[in-house]
Amino acid sequence: MNSAEMQRKILSAMGAKWAERPFVPSVTNYVTAGFVADCQLAAGCSAAMLNLPDEACEAAAMCSAFYVNLGTVVPVYEKTIPAVCEKLSELGKPWALDPVAAGLGETRTKLLLGLKKHKPSIIRGNASEIINLARLWELRDGDFSCGMVDSSNAAEDAVDSAVLLARYTGGAAAVSGSIDYVTDGIVTAASYGGSPLMGRGTGYGCALGGIAAFCLAFAEPFTAALCAVNAFNYAGKRAEKKCAGTGSFRSAFIDELFCMTAEKIAHNPFEIAECQ
Amino acid sequence: MNSAEMQRKILSAMGAKWAERPFVPSVTNYVTAGFVADCQLAAGCSAAMLNLPDEACEAAAMCSAFYVNLGTVVPVYEKTIPAVCEKLSELGKPWALDPVAAGLGETRTKLLLGLKKHKPSIIRGNASEIINLARLWELRDGDFSCGMVDSSNAAEDAVDSAVLLARYTGGAAAVSGSIDYVTDGIVTAASYGGSPLMGRGTGYGCALGGIAAFCLAFAEPFTAALCAVNAFNYAGKRAEKKCAGTGSFRSAFIDELFCMTAEKIAHNPFEIAECQ
Amino acid sequence: MNSAEMQRKILSAMGAKWAERPFVPSVTNYVTAGFVADCQLAAGCSAAMLNLPDEACEAAAMCSAFYVNLGTVVPVYEKTIPAVCEKLSELGKPWALDPVAAGLGETRTKLLLGLKKHKPSIIRGNASEIINLARLWELRDGDFSCGMVDSSNAAEDAVDSAVLLARYTGGAAAVSGSIDYVTDGIVTAASYGGSPLMGRGTGYGCALGGIAAFCLAFAEPFTAALCAVNAFNYAGKRAEKKCAGTGSFRSAFIDELFCMTAEKIAHNPFEIAECQ
């Protein structure tokens, strides 16, 4: 696998599809739910954010792919998240997990432990979250540090944990940072671009997970995760040139997602190397 | 009733009022609550979003009109929504209902069934939601299909269901689509304008319901619903010309609502015909 | 204390700090959580919004300062808010309280009563909220009126209540209005600027509380509260000149926060007078 082959794979998977409207519901957090939905809708998704076990499971039965984000754990999620992930497993539906703040609090830790057996198709997090999840799932040694929303590690430090997660799930894992890494446990892609402004506004990581779930409607996990990461890096780099700060950046970023094409995704700079 | 008469009615109802600050609280969803509040405040509302039965009922006692939106059903809403709608009925206060995703899940279905007896002044939904609600309330035959946030029907297909809902409640019903329909069961208005971009961002339907509730502070249900729909069609059409995608569209749309006048509302293109 | 001394104090406290990333988590409302986080991140905070008692208390142990906002009281907050405020007291960590809609509903009233003993470092509210809280805590006479999100009092009318609150807590209190007042019970600052558009969009008060909490990471309560208020007045005044309504105002406002400096904060117009 090299970059040119990967570009052809992206173009083939996403070609006519970016403008379709697959149903990709979420169980997500209330801080960034509106922005996640806006990004998904801009890209061409039919989105719905759900809380209760009954309707989340019904939506899982109807969906093309699903998104689970642990940003704000509310009490009903102790029922909803295990129930919907069990349902997705049963049905063999692809889904993306964002283990936000992995390591923070007993409830969140218990929830994340319970998801190990359901093997999400894509895991997307910052470096701390990816490292903490790999430790929590006992894929690597080391205590996990107290979970933070903002990562205290560089993305590079988490690549080995991402590889372990991907090998365990048989899917893909993505680490966000100034360079983004995506791996299926066999090869790892480094994707370039984006903007430091994405760390100075809320929800870009959450929305990336939502777009990764959207891409799972068209492509296998590694391609889907790389498409999402490339799209965000392309959109972030372009939006930065059109803004006067993080307020106007957000509008410009959504505009770029709305105008996204398979060609832009395929040609955002990235490199591929085999995992060791 | 013809369009010219309706325009005079709109100008008379909304003339000096669009800039007043009636208190119009909501029980709504967390995905779009911020956007609903922004639209209501831009139009001149005093808004508040409430969760608990005690404070929702207190707010109902103080309000000019109320808005109930079922976007994200959370556990406490099984108590709050029946309690606040009972209170609104008792007090004879006008209120608007957005039956988001009607048909999805047992809890939502049970909640919507329980609202039948409270006869909302305005019901606002997409075609699927309006058809599903009319079936759920046994106003028309046919199984209801599984509720989706994005409609799988054209607005035209839901006009007969809207008429049945309006005849049952004695209020008005509005169906959103590329053409919007508003009916009181006697006449139906078709309102033109808007933008396809409103379907590619989250919350335009929710916010339309919130503005319909705001207009209930000044006008009877049919006029209020048509004012809200005309305002959104005017704002959407104008905002589309000023944007580069769905991000900048949202800002431009709120700007247009902030600059709305009774004249703009009255003169947005619409037609009126008697129901059969 | 005069304005020139205060300006030096602001420059000294905020000089190099505005660009640091202290961890300032919140228990806040879902309507404006995204905007609060955006403002905090734009200013340089590491933000996290929490619901459950376990993780809110863990975050309190790690934080530089904390923010508690009662905008949307959800059931779990009856446990979370007392627990986290108890923890903050124990640890001696600074925190800001926004008593949104103080006076509305039994649950909210009981929650606010329970916070009296924990003495928040900064209390930020509109005039009605500040007056109602002072009455609820029995610092002044008079029934409290039913709490509204939009104030039915002018900020001037609440200065005496703010002074009583600040004297009771030993911290600072800030009243938002067309002129903003900040007091530590000894001196009161009047801060000028801002924009009427801040009352026509949701969350500017909530976000001000979040930025006040951020400033508590660097400065004692009175300086922190005045820094936050001056920053908002500067940003609001500038953003108003660059916008076409409340939609584009919001983007421009966040851009201004992103470009904020200690100099701008220190030189926003304000006056200081001794309390009587």
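Order of writing sets the chain letters: A, B and C. Residues in each chain are counted from 1.
The working rule: a residue touches a chain if its C-beta (ideal position, glycine included) is under 8 Å from a C-beta of that chain, and two chains touch if they have at least 3 such contacts.
All values reported here derive from a predicted model rather than from experimental measurement.
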item: Chain B against chain A, contact positions shared by both copies (same if over half, else different); value: different
item: When chain A is superposed on chain C by its C-alpha atoms, the rotation angle in degrees, nearest 5; value: 120
item: Cα-centroid distance, chain A relative to chain B, in whole angstrom; value: 34
item: Interface hub residues of chain A, defined as touching at least two other chains; value: 30, 34, 74-75, 250-251
item: Touching residues (chain side chain A, partner chain B) in the complex; value: 21, 23, 30, 33-34, 37-38, 41-42, 44, 46-52, 54-55, 58-59, 62, 74-76, 250-259
item: Residue ranges of chain C in contact with chain B within the complex; value: 29-32, 34-35, 71-75, 101, 104-108, 146, 148-150, 199-203, 243-248, 250-251
